[in-house]
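Order of writing sets the chain letters: A, B, C, D, E and F. Residues in each chain are counted from 1.
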């Protein structure tokens, strides 16, 4: 059984037209709404999509045999750095509502909440939407952007007390959080996609050098895309770990990582580095990787096939990786 | 016959979803495109629209009996202040293309070009798109935003030499320009809609205190929404005009104004102030004013009815106002 | 009887030389003072003034037959954006003292207080001077600048809680306030005079979209110069008013407006829009409009003659407009 | 015979009221003018002045027996940091014109020109006013402010090529320049008066560490107020001078200094440091020092008496100091 | 034979005391110099160093059996973001001179030049020092920092024309360049060491998305530390490469990479990703990794042992990796 | 007997190499330490030093016959404006520890504490280090920098309440404070050395115009280098002092001054201005002035010889100046 912890909503165009309108009138038309209905949502899930290799979201799930997908907002659309804050609040709520609609029409989906991470608001204020999604809409987790400035300024590091209200709410609601940055604006040199990698790298180091897990021992944090550069660059941290009397791998195992890496050698490196019990199957499917490799004919985001190719994994390993750990972390029904 | 010089495109949601995508990936996905086709455009023109009183764009034209409408981009969607500049260029071109498609499916439409007014570009660079629209797509005019910063900084006043490349291109192509601001971003105190009024007020004074019309005697400038505050506040400028040996009304008659004012008394004040030959019928229909007045049952943007109510206008006046001046300014076929 | 609610002090040159000194030494010479005496004040009121058409302040009053004039500081001299704040405090007090002196030598005058609106101070701190003027000097009202930054930054909108200490003091002292901006500094595109219009436009919309009148039902606010662009552009606000179940004219009638508009058609539009009972005679005489119109021979600021020309006003209307409303609002003795 | 090289104009209040107006309307009223006439100028020179100990400018000259006074603008009024630049240009010209008027009514005066030192202009542009004053108005020197930002930003040091157009014009016109800063604005910690001292200190070091005198061997520079801190702190520069094979006193003698120091011991230190031939009598009278010392009964700015008290000066020394050097530097008729 | 392309100078304390002095006097003491002599340099190379596990630089080389080491400045000491630029120029030259001295006393060393990368200078100005080092001091390569702002601002990406003068000089002198960032200052969230990883990630993508190798086909670029995150995250770039008709591995092979990664699995991933012929042995020894692993007893930076453990490498592979490619790229004598 | 109140530590190069390291890694290596031992300190004190005329610190003391020297950090090395604050804290403590070591090896030394004056910290936080030095290390005084921004921004003036926590701690511990600025960074026009003079000038005026001595009557403040420009420019303050009914000399005598002025005439002016009982012998030896005057053969910083040359001082004067006042202020054992 495949539980994919890293999926994003494929929403109707009207959701993004709504966003474009918000960014244009900046609130002058009031909150309004995208006005989505189930029919639009179904159509969007079933429409062949050029960005996804000409195939629909549901066709991708069918082909890969994904049984359950945890669905969060499209990160690059989240616009956390836009102003005034109410735009961020409105669009986040509308997006979470779209996810909720999708969960109603597609039984494979479980909701993962986006947060209205405007830096004009206090992080404590972000958690109201998290509570709404978990307690009212039945969502099973949250997604958190370590850089709500989206590349335009330096946010507090993830180890800073600034983020504590979020950790508190996550622990209280007992849901895991997926770390995943959103957009990246000029004059940054990187695209949003490369920004993901950079931010995940910072996130891992920022958390491990802090007291967050001492203060929140129950906190469950999943780093997207295999943890940025860290498993590959882990040796860089060995010396200081030695000086502190621990190994860096031990420290890394305070975190969880998804497998959304697109190559078998990288996934192997990840699993060997942090242990199979700290990895969760994540495909981000359909998405950036939904292109067929002309050599193999596979979709680039056929992460399940890449994992399937790793011959040294046991059946028990695979069960944990594809299902077990996700099921227990997100408290999904068996 | 009614020629409405002030209409904006009612485009499919996909155009704005395209815009939302650009703002999210900031160019990382490349230019791509909204991928509009005529069918989508027709659907958008015929779809009942809640923002427009539950009635479609074409139904509005039918009901008002508008024979020709000059169609420009929705100003508040133009995002001139976004970065990098290529986003502005791409979206402007895509919007002008959408207008071109609409002109093909709806014979009442004539195109008015938006310009990619990013302040990261030189105004001379903006005019390439103007040339494309006029020479390749058959557009008959242009729309110009006096505040490409959209409220975030002080642009050069319209009398400044900064704008001369635009005046030069307009004169060379012999097309009129409609002055109309776009968005307005925090921390400005006004909405985009009130910003229209403020910018038109500045535009009139900025042009009249400059040498623009001495340097470009052939330039044809139409100020939207009846010229902001100026006809009402004209007396404030009398004293300095007296000192210069002219009347302020004479100076005002270097400009044209549209009638998009929504009340008969304001339209009357405008016509009396600048003369009927300096006014053009403009309804911005459907748009902000597409709400039925519960008292009269009329649409608030039934500008043609308001003008119809002005009993002191002669038939010749009406003919000029509704058709003649527009026809000659924009060189429309009879 | 004519009560002119919008007059500004014609002070001796020494008051402004004092200001020039403050701006030069920035407080190094201490507060000092302009050292005005009644003789200087009388001389200044009776001196023919080139800026005022070669005629003195009192000769203007005589010629127009103004019986009572409410006299406030020359707004464009108020320098609210200068630093440090004590300069603003000192000059405001000195100016109010000059007005007090003028009230002593000229029985037609009543004082309207300027406030030391430095943004380095809290608005609550501004009200000390208001109290002094009302309780010690017998002033009957206040003047308030909605943009103490004088065009160099974005102040909080008038609906913001920032301004509540001022509304509280006005209600407690039971005096009306005249909204009137002060200077306007580069790089703004407009002169201080056009800034008046822009700020009044923002002021009206900012107040009407807020809860100020719900929170301060006794507050009496007079917008200068006929309310900027609003009566002319009122139709732009009809649609949203309809959606809220009110007419925009009803909302406008929460405010008062002065008639300082210089043309009969604009004054007519104002009266028809807000009702004669919401208009007060204001001439700003002598001032910007103190130039003779070569066509009519009238002074451009002969507002009383413009009103006199409006044939549809009844005698009762005129009595309210010229005297009654002012007398009751400002609680002037009969 | 006493030639005082450091006097400032005592202008009518109308000059400063004109300045206050410029700062308020920022050019919206046009250049206009202070409209001074000789009668006003005479009155201002003869009016007892509280800031000057209750005595008039001419009475001060009479009492001190000053035979010739070089008169420049009041430095602290020069407002070089105000914007837009035309305000600085207009007020500087108006001030120089006031000095010219004063020279016509008072035979003891010779004009020293202020320059319109706006940093929005190029220094080459400042020199037009210098040329006008020297060639048309007969002025004999110039005053230069080393900090046209008036404490709000860091200007180029006096050794920077930025200043070369000024040195070129001075050499071409063959007139000396008096270094004297103007105002000092927040958030600087010092008053304009202490800023004089700080700027003179920087000016001396800036010039002596540069190639200015190598490039302009004919340049004649007088540092006001005895050179700031330098004669007192000269020892601080000995070590580096030794390393360069010169004495610091030799380097200092490239400059001239005025004696405007108010205490005999400081004047003695100055003369001993730079040599009597590098000192010029300057009193800045009337001015900051025009207060009677209760102990001695003398005016604090009775610099001539302080010099008179120095018993080791020869008659020839005194002749040079009081007259000879000034006469030759400024090419005054015998 | 081991040629280590990634070594940094272990300089005497006096070099850094010189730097501390420069940062304190900011040039007021002139250039001066560290005044190093060969004896100090020898002492520094042979001194047991606590930061290096209590062992000297030369003892590390001896123990590892490194035959040739390419020695560049300690990157984190380079202070490219300090001001004024002359400090950077002086310290860079002094550091390169220290390297030159070290090459004279230690036959295993070859010099790799640091550049004075102050953003106050033009990159063309940086290349003078490169020329000096190559043509006068016999250096064999250069080190380049992609972020001369050291985390305080966004520099142009490596694909930008800004960097072309450096590429031109490298090609003209025919020497390779090692990409290696320097310091990282607050408010950045990362230490300089993590900044290395982030900058290398950006560098690889910035170069591969540009026309640099089309414009400079002879350019030889080595990315430090195994290329940041890229070999691990390579799959993220597969889809766009497919769309462009190439594989991402082909694109990566335009660059060279050093093996300074500290773990065998990462080095294996690197070699498999880019090919053994695109990898060079680099140990950064002694340095961050000079700590003994308590488990293995090895030094963490015993990169040669890690490579030795990779059993699938052929002898020919090892010869290329440890010697051949370095020898030909840097044109070292056999 | 000579007690020199103004000496700075001559520390081993390793202290400054430690500083250079901190500025490079910005804390990533942790606090670490300079690791100084007594042997290094002794060596540094006895090493001939090119910057000090080729003579060692102790040889200078021997030659001048200085019996006791109060030793504080080298001010220009203190780097108060560097970030993050912990760098300043660590380096300050390490420097004070070096001073403490020096006091242990050299019986003539007494410690004067530097404070970690980062503007990212509250002044109250600075005083912890002061307490440590006085109560644990036996230091006898403190040094305070009036400009912790080191020329990059405007700090609060010394009269501002910002500084009160420092005054409180000084009074509580009953130790004097030496005012002495530290570095001066671009774009300031002055070097750190000239900045000393400028800051001392501001310090004197800032304190004397404040209520500090009224609020802290026990506070003992010594201004370095003879008080900047003030004794020379004192006359500039006479007039305002007269207006306040005091003499400026009386006000000056609230402060103490050291004699570190390098010329006899300046020292004489100082003593005559403030009185011998307000002067303390200070030589800053060895330092900037440790160059032999080729004319006299003396060291420029032979302040004791300059004082010795002043023939009008009595033996009692000399005793106070060289020993008595220092002994009582700093409570040194007889």
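In this text, a residue touches a chain if its C-beta (ideal position, glycine included) is under 8 Å from a C-beta of that chain, and two chains touch if they have at least 3 such contacts.
Fair warning: this is a prediction, and the values are worked out from it, not measured in the lab.
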{"item": "Touch-network distance, chain C to chain D, counted in steps", "value": "1"}
{"item": "Minimum number of chain-to-chain touching steps separating chain A from chain D", "value": "3"}
{"item": "Rotation angle superposing chain C onto its copy chain F by C-alpha atoms, nearest 5 degrees", "value": "120"}
{"item": "Distance from the mean Cα position of chain B to that of chain A, given in whole angstrom", "value": "43"}
{"item": "Chain centre separation in whole Å, for chain E relative to chain D (CA means)", "value": "57"}
{"item": "Computed distance of Cα centres, chain F from chain D, in Å", "value": "35"}
{"item": "Sequence positions of chain D contacting 2 or more other chains", "value": "193"}
{"item": "Chain contact graph, described as a line, ring, star, complete graph or other shape", "value": "ring"}
{"item": "Sequence of chains encountered when the ring is traversed from chain B in the direction of chain C", "value": "B, C, D, F, E, A"}
{"item": "Chain C to chain B touching residues, read off their complex", "value": "154-157, 187-190, 193-194, 197-198, 201-202, 205-206, 225-226, 228-229, 231-236, 238-239, 242-243, 247, 261-263, 265-266, 269, 272-273, 288-295, 300"}
{"item": "Of all residues in chain B, those that touch chain A in their complex", "value": "12-17, 19-21, 23-29, 35, 50-51, 74, 76-77, 79, 83-84, 183-186, 191-193"}
